[in-house]
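Right after this note come the structures.
Both complexes shown next keep subunit A, but they swap its partner, so subunit B is in the first and subunit C is in the second.
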Partner chain A sequence: MTAPTIQVCRTCGGGAPIDVHFCPQCTKILTLGRQGDYFAFLDMPRKLNLDVGELEQRFRALSRRFHPDYFYNAPLAERRASLERSSYLNDAYRTLRQPVARIEYLLELEGMAAGSAERSGAAPQGGAVPPALLEEVFALNEELDEVRALREAGAPESAWKGRLQRARQPIDAKRAEHEEHLEELSAKWDALVDSHGSDGDRLAVLTALHQRMLERNYINNLLAGIERELAT
Partner chain B sequence: MSKVVGIDLGTTNSLVAYVKEGEPVVIRDKSGDGLVPSVVSASAEGTIYVGREAQRRLLTDAGRTVYSVKRFMGKGVGDVHGEAQFFPFKVTGEHDGVVRIGLGDREFTPPEISAFILRELKHRAEAFFKEQGELDFEVERAVITVPAYFNDAQRTATRDAGRIAGLEVLRIINEPTAASLAYGLDRKHTGVIAVYDFGGGTFDISILRVEDGVFQVLATNGDTHLGGDDIDRLLVERVLADPALASSGFRRTAEGLQEIRKAVIRAKLDLSDREEAEIVIADSAGPKTRATTWERVAQGPSGVAQDLPRVAQDFSVPGVAQDLPRVAQDFSVPGVAQDLPGVAQDFSPAYRKRITRSEFETLIRPVVDRTLAPCRDALADAGLQPSQVDEVVLVGGSTRIPLVHRLVGELFDRTPHSELNPDEVVALGAAVQADNLVTGNREMLLLDVTPLSLGIETMGGVTSKIILRNSTIPATGSEMFTTAVDSQTAVDIHVLQGERELVPDNRSLARFKLRGIPPMPAGMPRVQVRFQIDANGILSVTASELRTSIEQTIEVKPSYGLTDEEVERMLVESFEHAEADFAARLLIDARNEAESVIMHTEKSLRAPGFGEIAKADLAPDEQPRIEQALAGLKALLPAPDREAIQQATHVLNDATRHLAEVMMNRSVHAALAGKNVDQIG
Partner chain C sequence: MAYSNKVIDHYENPRNVGSLPKEDPNVGTGLVGAPECGDVMKLQVKVNPATGVIDDAKFKTFGCGSAIASSSLATEWLKGKTVDEALAIKNTDIVTELSLPPVKIHCSVLAEDAIKAAISDYKKKQGVTGKTADTHAQPTA
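Let's look at the complex of A and B:
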């Protein structure tokens, strides 16, 4: 994987390092290529425990350099570059600000897309139950079936709402457990980044993160399903 | 360089402001009034009136007068079905098409009606700059504000209105954000600000963090169908339900309803600083009689006509009350009532009802309560507790209502700011932003968000979100599509805006077909649809097939908007109309002048002793010449030929010049010879 390290300035034709925003020769804003990533764009390490204060500060500083407001009278090419860079900056900021979105982005960047958790909606449909959740999912489904039967038989809300609440407790516990796992793995990843760890170690952590994220999405969908049952 | 301005295009009132030596200032008319009522009216001759004059015509010609047009911006007929009946003007349009509003004998889209208001503001600003002695007085560029919660169709409609009015729209910015800019001129501000903007027709809440001069919106929420209008409607309904009204002989005409609306608005304004107010409705036999009187007066000598706006100093505008001396709002202003028989003379209200502030508050509480949930939602989206908000700023005329002030104070547990005039603060902020854009001033930067999620329709009628609400703009997002059957060469794409899961619950923004996909087995093509929201909050969509890198230029037909060609056509038409309107206005002026000369001439001819004067001082053919010129002018008066009328007026003027001198001399002599010498000079 050899990413390009040089880009060409559309204004003066000079070369510029890939991660700079303005041409070192003519100082004009550079067109945004398809290369690069959010971390590099913000000049931040590819870590999962980011200093959010630092992120905010960089976001504001770069906004002040790119924003279309400042290119109102500039030539079209620069206006377009400003729109592209501002959009990319905003997308980067939005993604890296949230810990979960940050993990998903890192996985995607490292070639292990987890499937977006933002995709809300449909409950898990036929998708394989992650092995770590088999026990909980089995118990929950049993409980849900009974609750539905009670409701269909015309039982009062008081008879099944409590059961539903109790049924979600193990799932909630599982979710809390997962949050902890994610934090541990994040710390491990960051340590590997600092120590320039081996590819094998990195892959092991990424794989574990990937698995936890899949489970996490599954848990969230289960909880959303319970919420829907409670709401109806 | 032409001038740049900031425009607050409001539901009830609109304003224009500019930056003078670093300070934003509202541009006012000669009487110091900065508000232009967002009302447009067409006379029977086709003349278009905007602002105060148009508002006055609500009472005489409600069916030809349009107000609150902002509520119709970016809407389809189906959207306004339930609401259109409350308005005296005609709301039509094709099924699934953009709304059309009847204005006199013509039909216009909401952006065209809004363009009339924008053009009026443009004229006002240009007249002002001209008067300031500026050689470069033309106004061609503007920042226009919209409610933060406006969707893409509503924003686009606003931008179209600007273009139709002949303005280059530098930027569309959100009203609460603009207000924060006006408040935050002092750059030392750092912290979290909540802007509560409750206007005539819309409600917005925006939560911002201000740091290092960057005004970053964290979250926004609102209701584009909630405002002072709703409060007025509750009051009107209450009056209509009152048996006392029926027994007063009130007739439910469009004008009559406007009479009630005006009366309740006045009571509402009164209740902002009094414990009790009266809803007073003028003689209900009035509207029709009044209308005729009005027209006669309006077309009479210009001197009288010019007094009219003063009488109509209007009550239906939140905020005006504070700017004008109370007396000016009263029908019983001395000197005015006498001048205008039928308008106010012998004023004996047919309906009169006291209302206390607590009754008022009970009535409107549900409306005000509807603003609180969006506030809580915005806080939750920003990840903040009410106690983490450092300052609360009130914007919009409806925040003058004490109940609103109190409930907002309770929600955030702090006293809200209302130092700046809540009617003007948005226009001031827009002017600051306009100035920043053209001067390249980097002191402050606005970072706004998109209020609603954007997505596309996927299998099963579900909305798949591509850009989430409260994303900082500009922003991008993309989604991959593929084909469902072998050799499929086109994909339908349906763009939606909203938070709901199912397609019909969200706003349809556009539908388009991506064509030219090379024939491949089902599931093979990789079609990337890319959304770009620009700094105006307006969306553009591009699509490309990644395997073949075929970039498709896609024509997006807005579901409830105007195409570029339609906007262009309207711009051209507006110039034509503007000329027609201008011509109609000139014709009326010519008629007014002619009528004035006719009246004076007839008065002289009828004067006692005219026979004597004619014999003593006039040439033998002078009287027949005058009578001939008089008859000639009177015959021409009804025809719509301005030049002929002016010509004939000229002839009559010439014919009577000598007579006028004679009459003048005689009256001076008479006065000097009389007893009133001390009164001369």
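Let's look at the complex of A and C:
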């Protein structure tokens, strides 16, 4: 990958490193164009266990520096740059603040997007989800369906609430296990970043993370379905 | 997003919902999932051993309207077809019939995968080497 590493200041024409926000020569705010990524923008390592306090501090400091109020009287290009940098900063902060969004973003950056449903036509990686999980998900969905049918038929709470709670246990356990795996893999990834691990090792961790993210929708959908029944 | 009338019809009146005995040697079962949205689809075929024609097909899908409509339509098409004819069903046929929008094409791919998986399971049970079926089991998006 040959990402650009240099940007040009539109005010003075001087060169600046890609992830610098203000021109080192003339100190003016730089147009947002070929920035690197959210991590680099905030000058943080591409790690999954980010120091959230640090992230917060950087976000606040940059928010102040980019704030459009400070550019009220500035030339149009600078005003626009302040808006663009503020908006990009907000996106970066929102994404990196949440551990799961952070993982998704990292996978995307590393060319392993979790595959959104929006990307039509792409073959679903059905085989990527273990058949045993599909079986389990299917059985639990059927159980949920039966509970719904019972309730529609006017069955008393005693007839279905226990079933719902029993159905919930294995999913809760799976969810906990899932979170644990994400944490383990995140720690592994961070260690590889620190030790400049080999491409092979990095790919192995990213692939495992990608796998885990695929399970996530199933687990969350099931839990949401149960919550919905319990709440109504 | 607006669903086409055909999708709504299949969604509101799904055909062939249910299940066939999984252990029956003449029944093939396909269970597939789309992790992008958390959908899961089960499709089963029952083949007449004398004629090689699919007598019955059932499905059960937990997912969006398009996924339900795609699998409902697939079971309708499967009935009366031979196993080989069934394997010729393409996801694009489903897209055309249901006028699926681009964002829902993966639902039709899922249905095609389910057909392939069900037939593959049937062939395995019949002692036909699973390999021939597997090489076909690639989605053609």
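Keep this in mind: the second predicted complex is superposed on the first by the 200 of 232 C-alpha atoms of A that agree within 3 Å, B and C clash if a C-alpha of one lies under 4 Å from a C-alpha of the other, contacts with A are read in each partner's own complex, and residues count from 1 in each chain.
Keep this in mind: a residue touches a chain if its C-beta (ideal position, glycine included) is under 8 Å from a C-beta of that chain, and two chains touch if they have at least 3 such contacts.
Note that the coordinates shown come from a computational prediction; the quantities given were computed from them, not determined experimentally.
Enquirer: Going by the contact rule set out at the top, does A:E135 touch subunit B (first), subunit C (second), both, or neither?
Expert: second
Enquirer: Among the partners subunit B and subunit C, which is in contact with a greater number of residues of subunit A?
Expert: C
Enquirer: Could you say whether A:G154 touches subunit B, subunit C, both of them, or neither, answering first, second, both or neither?
Expert: In the superposition, A:G154 contacts neither subunit B nor subunit C.
Enquirer: Examine A:G53 and indicate which partner it touches, taking first as subunit B and second as subunit C; both and neither are also allowed.
Expert: Neither: A:G53 stays clear of subunit B and subunit C.
Enquirer: Return first, second, both or neither, reflecting whether A:R94 touches subunit B, subunit C, both chains, or no partner chain.
Expert: first
Enquirer: Looking at A:L214 after the superposition, I want to know if it touches subunit B, subunit C, both of them or none. Which is it: first, second, both, neither?
Expert: It touches subunit C, and subunit B stays clear.
Enquirer: Starting from the residues of subunit A touching subunit B, keep only those that also touch subunit C in the other complex, and list them.
Expert: Dual-contact residues (subunit A): 118-122.
Enquirer: Quick check: in the complex, which residue numbers of subunit A touch subunit B?
Expert: 60, 63-64, 67-70, 72-73, 83, 86-88, 90-91, 93-94, 118-122
Enquirer: Within their complex, state which residues of subunit A touch subunit C.
Expert: Contacts found on subunit A: 114-126, 128-129, 131, 134-135, 137-138, 141-142, 214-215, 217-218, 220-221.
Enquirer: In their shared complex, at which residues does subunit B touch subunit A?
Expert: Going through subunit B, the ones touching subunit A are 170-171, 211-212, 214, 216, 436-438, 440, 442, 445-447, 462, 464-465, 468, 471-477, 501, 532-535.
Enquirer: Can you name the residues of subunit C that touch subunit A in the complex?
Expert: 31-38, 40, 42, 60, 62, 101-106, 109-110, 113, 138-139, 141
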